[in-house]
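So, here's a batch of structures to check.
Look at the two complexes coming up: chain A is in both, with chain B in one and chain C in the other.
The block that comes next holds the complex of A and B.
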């Protein structure tokens, strides 16, 4: 075997090892979701895989099935409000509404703002970016109390719309930063060429420049979606009846114990929409869409 | 089509004055090249004509229409950029059709126009390709196609060939000139490449530091440079310039510098003791090995130097020599082999000598 082949093998072994390390917690989590309670809490040995997988956890959390009284009826962490407390369907819908809406709004607003910041010269355009970013310097917990009162007084607390606004606001600075760098990558001559061709500033924006940064928009949308989908703190404080998935999962940890089966089932299920969303946009997740526009 | 008139045009960026009161007229159908070193303001001037750069003072007219306050999109101009600036997500066809689509022109007419431009530029096989699937020269042609489909009043080119390799540049140069001869559209073309300027222009405008140094036909500028800068800037290899004093020797006025004695043209308007710049183009400086031949032609004193570098270009040989600590280039069309270190004698063609005043640096 020559050195090149050996190097290749080594490279594969290394990458597989690293992937295994990173995927282990997720795999363990997913495996837990299909283990019966007895296997999860087996004190004598670690049960890696139970050969009688159960889908009960999913049935209860994702499909809204009745919580079956397991074997001896000694369900760990008995729900105080019956099996309905473990129905995660409403949470999935809420999370989808909030994540999709806030992603859409944050991306749209940032897109317009980023173009302006990238292309237009106005007084203070330099400091503006810093100011927007500074909104993210504060830890969210620092603004959460005033935010709760403001939202309550505005009647936005415990509404989907309120949460969408909150997530949008949190997402805008980062989305703006990313999109601006993509706009900056498009040479200004493209705008000028379009304008000389007779395009207005807005036509130039949506007919020429935006299509050229589709990849950047997709990447930004993915980040916004993931943030909103997994956001916990704001959702916890700004809602009480609406429960997004991360908040819902915490309610599975009760005073009498933790429902690991349900936690892992809803958690595993929560990976799926994000995964689908990324699959949908991943074709656009390529930089270099501006290739060919100008001489590199 | 339209003529372009620029009057008293100024451009300032804060305290920095980039263009100083320019006046320029481009006749309808003319091909004018703005030529100058980097930073001379030629691109700024072009962008002001295009409406991409605000005007500090002065006016730009297309025919009799003052366009200062007319937006770029309404000036009916077409511009080709140095980096092509193609719409990367659109096919060649859509790139070219874009301006007409914005004008909501009938689709059939758009198709006809695009086909017409493609046939002129040899782009027919590539109409449905994306810019990234084209070579540099093809992309440049698409950029030109985008410009010509519009029937613009004025064509503006901003160093369109500087990103192409040498061979393609020569080819595209010819194509642009051919295109202009066919379409007869008023054209303003910016370049820092004097060969491009000389070969393409009806009129060359030479700029330096925001000022027009000289404007005229390429040959006129080459033969009669108005000042020292133009003389040095135009021509490749550049004109040989020697700073010298006018003095009298053997009853005749000549230009001297140290031991060097250079013959002056018979009609030279100089006085004894005047400081002048003595300029002669390499092709007017004949090189010879025979000192006697050189001496008999000049004021009995041969102009002798030492060969430093010899550059054969094919049709001619460029000989760089040291002449009294001064670098001198001469061009020889004879197939004479010169060796570095060898003595070389020069016979200047006196009637083609250019003299410039030592103070004003203007042609004498």
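The block that comes next holds the complex of A and C.
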């Protein structure tokens, strides 16, 4: 019995240690964001807790405040471009607009297609699914160069709307496959009963079946939001003045040095929405990440 | 009830798939399929850097691709990156899933915490590791200095032999939780009886893992490897943010090389060709994998 207890303790200790290792980079980043410059760039020793916390980095990057020039003595790229270059408010707004709009668009139109693929037996539905799946596996680099030209000709380059379309594009295959798996969970007898009662196919869709998979739709939307929020390559190629947070943050690395205080503050702020959302969809996370192939 | 619908042509009625599929299909054709064809068309043009004129010469870029050493280096880096990261994520993911697969108090919270790295934007992940790798104040570098495993003269990302490992570790940190989650779902779905029978017959935990757990989870493992593998083959964010393909071309993956050609030499025709090579590599590898392991969605 004693060996049994020891085994249990060992399991707890090991599990907690491993989870701590995986949380550490985030914790270290968040800690860096409230350190004064002198503590971040200390070349003699790594400062862990021995510093006076400051929220100046958040004031500059998230609230767009001016950099107070109290920390003189730091040699890293101060004052060369002013603190305006580190104002992340525009990028936060851009990220929100793009993520919310593309989530809405991708979920809405995928919902229609997913219902048809789940309910209407038509020739070529298998082939259509394969095509959607191949879109998920398409490397973004293969479409991005022509997309830059197409967007330029349509006047969509460097616009929020253009980026919304691009993010909708990458979210459609994922949303469609997940939503189809949720529709497949609803027995087809429900549709048949509704239509015997006189509902049209479309009424049956939005008045009966869609309300039954509300939870699944919410989980799909959350995942789409996260994919758009974290997307980097398309945003980098398609925009130059509108910057989403992941792209904006890379501009804080300059040839004269990296502004680690600002980077960690905006970076930490960028992680928060994802954290809240992922804790909300824990129940459907596996299904979402495997695009409906594994049901939990 | 049919009075309203019957005025419409048959393919516009809600029993026909057309109106349901039209929005998704049109968007995917215009912004997904058309660009790939556009890419192919671009790759058939030769760009003259002096006059900035393009002439139709289908063989030019493709023969250049075959004889370009940087392409083959990039293919090698891409394969090394994908294989090493995939094996590490798979093994670590399975081990951690076995460890966290418990109904005891607290394990639910640990499993939830384990998913957090998944939502960090990869560009931010790159930044986190850049900060920790920094050769003068980075916490990982300093820890390795004090263990005499690393010298300040050879920073992790600035040295050819370690740079790829530095990037891979960031990838492993971010995506091992993905494997953990999928393996946990697989473990939870396993039937209890075979394990009870095996333990009555005197099988050890290790034996029943290799003879029962692994074979019964082969389908879900194949699926996880496919999804993760494809993302690994087109890796860009970590490389771009952390090393920008450097030092030299030590961490240049195919996607990163296409990006470099696009941004630095503005040779769009050749950049498209390299990008299409990435697409071909991903498609061939994925198709082979799906055929061999019979993965089904």
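One rule holds in what follows: the second predicted complex is superposed on the first by the 247 of 296 C-alpha atoms of A that agree within 3 Å, B and C clash if a C-alpha of one lies under 4 Å from a C-alpha of the other, contacts with A are read in each partner's own complex, and residues count from 1 in each chain.
One rule holds for everything that comes next: contacts are C-beta pairs under 8 Å (C-beta built on N, C-alpha and C of every residue); 3 or more make two chains touch, one makes a residue touch a chain.
Quantities reported herein were computed from a predicted structural model and do not represent experimental measurements.
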Residue contacts on chain A - larger count, chain B or chain C:
C
Touching A:3, do we find chain B (first), chain C (second), both, or neither?
neither
Between chain B and chain C, whom does A:187 touch in the aligned arrangement: first, second, both, or neither?
first
Look at A:196 in the shared chain and tell me whether it touches chain B only, chain C only, both, or neither; answer first, second, both or neither.
first
Which partner does A:211 contact after superposing on A: first (chain B), second (chain C), both, neither?
first
Touching both chain C and chain B, counted on chain A across the two superposed complexes
198, 200, 289-294
Given the complex, residues on chain A that touch chain C span 8, 11-12, 14-16, 18-19, 22-23, 25-26, 28-29, 32, 40-43, 46, 109-110, 112-113, 115-117, 120, 122, 125, 128-129, 131-135, 137-147, 149-150, 165-166, 168-169, 172, 176-177, 198, 200-202, 205, 226, 229-233, 236-237, 245-247, 249-250, 253, 258, 260, 263-264, 267, 270-271, 274-275, 277-279, 282, 285-286, 289-294, 296
Give the list of chain A residues in touch with chain B in this complex.
187, 189-190, 192-200, 203, 207-208, 211-212, 214, 289-295
Report the residues of chain C in contact with chain A in the complex, numbered from low to high.
1, 4-5, 13-17, 19-21, 23-25, 27-28, 31-32, 34-36, 38-39, 42, 96, 99-100, 102, 104, 106-107, 110, 112-125, 127-132, 136-139, 142, 173, 176-178, 181-182, 184-186, 188, 220, 223-224, 227, 230, 233-234, 236-237, 240-241, 255, 258-259, 262, 268, 271-272, 275-276, 278-279, 282-283, 286, 296-297
Within the complex, which stretch of chain B touches chain A?
50-52, 71-75, 77-79, 81-89, 98-99, 102-103, 130-134, 136, 139, 146, 150, 163
